[in-house]
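Here chain A shows up in two complexes: once beside chain B, once beside chain C.
What follows is the complex of A and B.
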């Protein structure tokens, strides 16, 4: 995958606060290429430990930053990939996540009160990975996500907010984990997601917007859970993702010719695997973890993938 | 996360200068952030600390920990009287407005503004907030952060829905392609005029349809208005009704209830079965469709009886309890009760009430009018994808048997090849529906071989009482929907291109003979038949044809298959 972030560029430093997620994207991306041994795990796990706040029971985006649900999920995902969940104080983290649930079933991201269905997904996924879903009111969490459903079958960040492919992924995966698939109109949403494919082959996140590789992952995750991936053109989408790869660094950008980053690289790789491209490790679209990790944790498989495409990615 | 940053090669001669500039910028930024973090560590709350945080956040509005620090400082200042809420708010609003100009999509930034709105002792100027939203939407009318903030302000300030509706109209008139504004209307209109407003023939419903039509006449390829139009048309969900009651023979007789659409809530409180011995425990109703996508809903529900009287009376209650996915409750058909003779197989089919058919026709005027609008567009542009598709959606509700639908979907395959899978599913569904319409419900067998079906669902429950089913030679993608074949004793799925069976057949109670010849089954029976060991299917299956599947002609394979299906005759 090559050098994924250049420390000499400004962009490296302005994403400092979300380094935890950066590590997760890198590690999960390597796992998708079956190349986890390319990065030594010890320093990464040490970094994860250093971002833990034992008083709160959550993880920060970087050393010296504040605890947030977003980075707590990333930390747990990293530990899960390395089979190191023992490092996590599951009781403390579960109590912290539970403390963020509101009376209407929603979740705030931290004590500062921002509500978003992204955080509902973070909460449900974190607790599912730790086997601690009993720590929260799952039915209330499902009901809140369902209340964010829109006229087009998609979901937004809060009730009344516009549908967005990233938010659709969070909500559909959250409902899959929480047993709330009855709240999804599979056909309407599956079709709306298929309509995200634009003439160049890539997927946009909302109607009449530009395509972007990261939506490949979010939309393919949702269509895999809904069993509707076959409603779009897998070959054209594969070609688009590959056209976003930069041949100098090997990384993948949002669009052809743009700067690459680790976020789009992971989502590109994971998307290709969900399209049925051979030679890649399947990333489970519900937990956003390699299939084998999810299997090891004894979690159910809540998605389906189409038959393999003819061309392998080697 | 980098978005829209074109990778440009700086000419070698200029690269050193560029790199030096970047290095200086990085150095200044890092020094500033480090200083801010240090003053937080030290617990500082002086002007210098606040100023440093301001500079750092100006350079990067996503430094959430510094927003947190900033709020901690401001709260302490207001608590000890060093600062007044009104002054604090004025500074913070000006500051965030400045940051929003360069970073209009920062979640943290928008949330800081919400925090200011909710500060103790501060009375916000909501009109000013709405004005700011207007300016930001002038710059980018699809910024969903801004739309969300606007809705938050409108909600907090109790702005009348009608005013917000007017605002969305202004936005749409400025740009028909504003999906964000159409979306907002989908929330506002039902709040103002009630959930069924579009189906009424009121003037605002007519005006709304005219607005959408002028949008798609102007921009026939823009999907915003078409997606909204589809919603306005309604999803024509006919309320669920009971269509058949079936009794199946066996060591313990099984009772099946068949509904017109998937329902939930079938329970002893809603279904009366008599006579049963007084000692019998309440019947346990289970959904035939229980996969991960069923969500607890199923068109077919089963219960095993622990007694076998000569005749059985079954009555299903309407009203709350049994309901479809959208919450609509079971409605009264001609008869909601059935008398069955045991042991089965026995089926009582319940026909649709004529009154119900009349109610469904009420919507048809609206649909006919919108169909005409599509036709008008298609006269000008015969290949207009959205007009073709919308016409198909309307015909599905208005005249599902119309052969025009096949023409439309076939045409869409050409016009819109990226979504070929969607149109192929539709054509396949139509083929099956046409055969079901011709099917005599009294007949116990149904055959639709080599008809090009790619899927079985979603109306397979019309075949719940058939005992012999033949779908051979259809290129089936999966077997979803086969759960409904509860009466089937023989099922032919030969030459269907199946790679694995899945668990859709797992709970079929009486299936004895299954033909899987000439498929592409995975050579490992543990994969091909995953999840079936110990299932009701494994207990009932006595004949399984696996000829013509690679790897299944060896004694080892036979042993492995027999381990899953122990009753197979060798």
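What follows is the complex of A and C.
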């Protein structure tokens, strides 16, 4: 949470526009460590409230900014973690999300913005958490995501765009929420995702690219939904994630020796839990929320994790 | 920001009559204006500290529309920002919006090529390029461009994806066109594979075009796939350490071609080789495939 409180640091200002997501990553990361009590919830929830635009029905990345679907999902997730969904005007948010759906089923991220399967996921996840999937044309949303499937089994941001593991997470989770898993070739995609593991154990996001801890979350989420995590070498991946932890600050970086941030720290923690490392709270890979939160909301469990690894994370 | 001078106090702005902001009683986009955040030309200043800020890009477009600003100048500005922050989503979307307004993508192929020369896998540049090609029908020379990128880096998965995009979505994507160009694509891909036999991207492309041609009823595609698999099998002894070569054959023998006893037996052996020696990281996947192949063998009419 250093980036949230230290206003003298450069990082505070360059991440100003996505503060809401920063709060989500930090809170979800703490939930993954079963340490939510490390942060006072009241100021965070107050911050979420201040980012709400009642005229539009969405949340901004920071106070005074314009609303966006990305931050609307983060706001709803934060409220869900704290069991404070009552703070959200579900009708207004559902109407806002529905207003972003295009004729082809895709979603734009805000009133003016671009189309991207990231936003399909944000829309479906936000509405599922609010119990308001009926606000949109789910079949059309599923059809658009399916149209972004590529010859290698992966998914891109728009039809024809290269398969990318981050987009694969968004698309697979969106299809899981929308009941469209029939559009996924689970064996082919599971293999493509397993192919992302490089000899040192980490995962890359596209063929012939460098590994990065963030893909531990994107890829393990997708393989958990596909029930194909066991096709990777879990022990090697766990060791890679642990090698990216900085022993002084405790945070996790994208690669060994790089500087740590809250983003990679959350993805590292959540990834370790999905690998079956003990001592961590499982983050549901569909809704990107602690398992207990998803259970409390009465949402279905749409994934599976492999049996626990022999070595626990202390 | 400590030395910030408001535009109204700058000498070069002395002859500009300020227009006060009036969003009306029900503004579509409510903006919390700071003293600095008050005119079109201040938005690039803000952009320079926070290019991914959606708000300031919206504001900029609203100003451009209201002022009927010079779109070519805006494209030049956008190019500068993209050069500085090539991975920023918003600048690329902004550029797309400006190209739409200008009604021409004449500069887009050269501009994206410039960005891709720095980072050949920039996802936004590729998306923008594909959008430009699709929207303005600029398919003609794209395959040549992709080939030039593959000459530089045969492992560039983005370029292979673009090659597939052009072949399957461009002006020559009808079944007859696919049939006419399939063999040339196969030969060119195998030539590139021989130079880098562990290049996953090229193998995925090769399998992808065969599968696509068969699925779309391109004449001669199935025999071409069988011939291709046979010539790949001939290469196996020359490339004894190539895991993707063997993975390709496993897929071809079990899913692309008519499965028969010989092909399935060969597939099983190849998968075993991958599981135990060439691709042990994914041993569990290959063991799964071996079990699947066993089921396929058991289901063969002759096995009954």
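Here is the rule we use: the second predicted complex is superposed on the first by the 304 of 314 C-alpha atoms of A that agree within 3 Å, B and C clash if a C-alpha of one lies under 4 Å from a C-alpha of the other, contacts with A are read in each partner's own complex, and residues count from 1 in each chain.
Please note the rule applied: contacts are C-beta pairs under 8 Å (C-beta built on N, C-alpha and C of every residue); 3 or more make two chains touch, one makes a residue touch a chain.
On a predicted model such as this, the values are computed, not experimentally measured, just so you know.
Participant: Both complexes share chain A, so when I overlay them there, do chain B and chain C fit or clash?
Facilitator: clash
Participant: Of the two partner chains, chain B (first) and chain C (second), which one does A:82 touch, if any: first, second, both, or neither?
Facilitator: neither
Participant: According to the stated criteria, A:208 is in contact with first (chain B), second (chain C), both, or neither; which is it?
Facilitator: Both: A:208 reaches chain B and chain C.
Participant: Considering only the touch criterion stated at the top, classify A:55 as touching first (chain B), second (chain C), both, or neither.
Facilitator: Once the two structures are laid over each other on A, A:55 reaches chain C alone.
Participant: Once the two complexes are aligned on chain A, which partner has more residues of chain A within touching range, chain B or chain C?
Facilitator: B
Participant: Would you sort A:169 into first (chain B), second (chain C), both or neither based on which partner it touches?
Facilitator: In the superposed model, A:169 contacts neither chain B nor chain C.
Participant: Of the two partner chains, chain B (first) and chain C (second), which one does A:161 touch, if any: first, second, both, or neither?
Facilitator: Touch partners of A:161: chain B and chain C.
Participant: Could you tell me if A:64 is touching chain B, chain C, both of them or neither one (first, second, both, neither)?
Facilitator: Touch partners of A:64: chain B and chain C.
Participant: Report which listed segment of chain B has C-alpha atoms clashing with chain C; options: 1-9, 253-261, 415-423 or 505-513.
Facilitator: Clashes occur only in 415-423.
Participant: Take the contacts of chain A with chain B and those with chain C, and give the residues found in both.
Facilitator: In chain A, positions 13-14, 16-18, 60-61, 64-66, 68, 110, 112-114, 116, 150-152, 157-158, 160-164, 191, 194-195, 197, 206-209, 230-233, 236 sit in both the chain B and chain C interfaces.
Participant: Along chain A, where are the residues that touch chain C in the complex?
Facilitator: Counting only chain A, the residues touching chain C are 13-14, 16-18, 53, 55, 60-61, 63-66, 68, 109-114, 116, 150-152, 157-158, 160-164, 190-191, 194-195, 197, 199, 206-209, 230-233, 236.
Participant: Once bound in the complex, which stretches of chain B touch chain A?
Facilitator: For chain B paired with chain A, touching residues are 1-7, 19, 22-23, 25-26, 29-30, 33, 37, 41, 59-60, 62-65, 67-68, 71, 107, 111, 114-115, 142, 144, 147-148, 151, 177, 179-180, 183-184, 186-187, 222-224, 227-228, 231, 235, 264, 292-297, 325, 417-422, 425, 477-478, 480, 499.
Participant: Touching residues of chain C toward chain A in the complex: what are they?
Facilitator: Against chain A, the touching part of chain C is residues 26, 28-32, 49-50, 52-55, 58, 61, 89, 92-93, 96-97, 121, 123, 126-127, 130-131, 134, 155-158, 161-162, 164-165, 168-169, 199-201, 204-205, 207-209, 211-212, 280-282, 284-285, 288.
Participant: If you look only at chain A, which of its residues touch chain B in the complex?
Facilitator: Of all residues in chain A, those touching chain B are 8-11, 13-18, 60-61, 64-66, 68, 110, 112-114, 116, 150-152, 156-158, 160-164, 176, 180-186, 188, 191-192, 194-195, 197, 206-210, 212, 214, 226-227, 230-233, 236, 246, 253-255, 257-261, 263-264, 300, 302, 304, 307.
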